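The two complexes that follow have chain A in common; it is paired with chain B in the first and with chain C in the second.
Showing the complex of A and B:
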């Protein structure tokens, strides 16, 4: 009964999560509203667009009951712009993620702490030029299930592959920053990239922590004795090279 | 079940980090429940340590919802006609998705309880993380294990070596999860200071650092450094 999996979502689970993302569909036939566990679905009346979770949109698409409107960031022009940002403007960091759709106001609201896949970052009116958290899975799923709805599918597929390669190299290079411990930012990373990189990143981090455990314990002991000791004043000749 | 629902109601009033925030008619909407359940599932799958059982009766409530929905499906299958056929597929697909979430969540917890049973039973604070059923499971699990050990080898040991929770020599026999292990977490924004991130004390080998994690930012950190924020709902694991 116990789950025989290590911590962290598997790629299949990430894809499952991605199917909760909202997308926009153009229905081809009427469908009444359904009272689902996650709330009622909108009634579908062609040709009015409606937001639906991806899993339901895929179901309708497969039965030719609707078409899916690809999100603006999945267009060729948008992807080319992002690729340029990834390679030329910020060659070491991930491109900026889309801004949070719910701005924070003075009155606390339930939407303040929402996170993907519940952010509606892939509907027809989502911003272009940014890769949302589930970009890779969503792009792949849409290209597979409804390549007839995506314009220039081959070009988009190539661009997604290029982006994936550029970003995988960045994911690997963050190990350089993991050496000293602390908090390392992965801002702009995608869900599938986290799932793929987790074993490696967390493995490196845990391994280095165990190697440096005695040094860290020693530092803490010294800091406690000497009040606010400065951790950086240590001799650096023990420094390990990561390359 | 009746008597614990009162306790759950009580806990309800205190702030619930995982729970849904948008109540309309007294109970959270299905959408809010789905979000809370998804977050609880990802969090539970993301770290080696067992997280507190969701307050607010979340799991009990969603299990009930799934049951009702299945009954509805059974009713609909009775008066089968082509029109309702597709509706059935939609409803059933959704029910399966929810069932997967609940099952995977519970199984991830059982795995952690199995691994460090004695640890989670050792103090009242840790035991409070388990649901009633999980406590019963863990106790029984431990009992069976101990009996088995006793009959197969522990019984022939000297009396003073038969304990499974010895702490002699300053080393406890009870092993717990590695709280320092690395996790990947996302900032959700501070709950006390709207619009601000949370300040994480990142412990490192040569120096500790204070880092602000803003809303939506994903970071790699030690579980012990972000734990309090995850339990407060100001960060989530990914």
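Showing the complex of A and C:
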């Protein structure tokens, strides 16, 4: 193997991408607007909340110049609701991701293709009761960096652990329903979970594909011949009628 | 399957039983009878790559050898796999069991073997994943989980399944390492 790293992203890379997510901060000091590659940041004036990228918010938090407002889904009530949905209401499916903030209509628009981290799914006005794409890593990072801003951090940490366990078990049971070349819905699965499960699931799929390859080829061949075969039977019928 | 893929080379090197259909002069050493003619209808184990060439490449209607199902894919094994895929020591049957199975399925039309192999791959994969994600955690807890009941099962994995185990173990380990780093800050 030329590359020491497996295909896909490592957890550290996923966490790095997650730092692009926007979070809401309550500044403690004034800070003028900065021109970043992703656009200018809003000027910070102490009592007013402002959206900032996670990495900048973490920096300011470390310097005690801002507090981070945890997203609504990272509250105890919201996480308990999601956990209940995962375990009791639909024990086989993943809970649904947050709804797309720009309603998708029949008329295509530029916002249709926006996906995390370009959607603000973790700011203070994000919907609660849904796990966004970067839930696992964002939750871990926030609990680590600003557990004083999160209410009931220990309870939230336990709930996140529980959710992770439940969803990992689901991820593993996916392989039981896989068919060779089958399609599995991964709606609602987070970035970190994809990164963790990718190698194994791809390996299982590949093995099934190899075992089924000869059968697949056989079916293809039969389908191609199928057209002429039908024609023959029709001919036979015709002959029967003739007689 | 790349030309230099060591696993596919080893898969092709596995022996399959063949029956010679023709007399071959001075090939008797294959049957512990050097210097003599290899009689027709002698059963010899040949590597898969050679056996396939000899069996398929017959220019005339008569081929040089006929292939048989290898003992690792015999009905007895298939029944055992059907009864309980997790209890079969696949490694003892063939090091590249699934690879051999896939190659044999290209040559024989065995719908049932195909079904059984796919089902056992799927069932055993789920079991492997459970073992792989728990293996490291037990060690971190300081306990010697190595003596657990899974050892027997893990010893019976073929090369493909070992690859799966490694993949799953590596990714859950990378995950734990990252979580540990987050805690350190």
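As a working rule, the second predicted complex is superposed on the first by the 217 of 243 C-alpha atoms of A that agree within 3 Å, B and C clash if a C-alpha of one lies under 4 Å from a C-alpha of the other, contacts with A are read in each partner's own complex, and residues count from 1 in each chain.
Assume a contact is a pair of C-beta atoms (placed from the backbone, for glycine too) under 8 Å apart; a residue touches a chain by one contact, two chains touch by 3 or more.
Keep in mind the model is a prediction, meaning the values are calculated, not measured.
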{"item": "Partners on chain A (chain B, chain C) - clash or fit", "value": "fit"}
{"item": "Touched partner set for A:20, first chain B, second chain C, both or neither", "value": "first"}
{"item": "When both partners are placed on the shared chain, which of chain B and chain C touches more of chain A", "value": "B"}
{"item": "Chain B versus chain C as contact partner of A:118, first or second or both or neither", "value": "first"}
{"item": "Touching partner for A:215 - first (chain B), second (chain C), both, neither", "value": "both"}
{"item": "Chain B versus chain C as contact partner of A:198, first or second or both or neither", "value": "both"}
{"item": "Touching partner for A:43 - first (chain B), second (chain C), both, neither", "value": "neither"}
{"item": "Partner chain in contact with A:168 - chain B first, chain C second, else both or neither", "value": "second"}
{"item": "Which of chain B and chain C A:12 touches, first, second, both or neither", "value": "second"}
{"item": "First, second, both or neither for A:144, with chain B first and chain C second", "value": "second"}
{"item": "Touched partner set for A:89, first chain B, second chain C, both or neither", "value": "neither"}
{"item": "Superposition-derived minimum Cα distance between chain C and chain B (Å)", "value": "7"}
{"item": "Chain B/chain C common contact set on chain A", "value": "178, 180, 198, 208, 212, 215"}
{"item": "Complex contact set, residues of chain A against chain C", "value": "6, 10-12, 15, 140-141, 144-145, 168, 172-173, 175-176, 178, 180, 192, 195-200, 203-204, 207-208, 210-215, 218"}
{"item": "List of chain C residues in touch with chain A within their complex", "value": "98-99, 101-102, 105-106, 109, 111, 114, 117-118, 121-123, 125-126, 129-130, 132-133, 160, 163-164, 167-168, 170-172, 174-175, 177-179, 181-183, 185"}
{"item": "Chain A contact footprint on chain B (complex, rising order)", "value": "20-22, 29-35, 38-39, 42, 45-48, 62, 65-66, 69, 86-87, 89-91, 93-95, 97-98, 100, 104, 107-108, 110-111, 114, 178, 180-184, 186, 188-189, 191, 194-195, 200, 202-209, 211, 213, 215-222, 225, 233-234, 236, 238"}
{"item": "Complex contacts: residues of chain A adjacent to chain B", "value": "1-5, 7-9, 13, 16-17, 19-20, 31-32, 34, 36-39, 41, 55-56, 59, 63, 97, 100, 104-106, 108, 110, 112-115, 117-118, 174, 178-189, 191, 194, 198, 201-202, 205-206, 208-209, 212, 215-216, 219, 231-232, 234"}
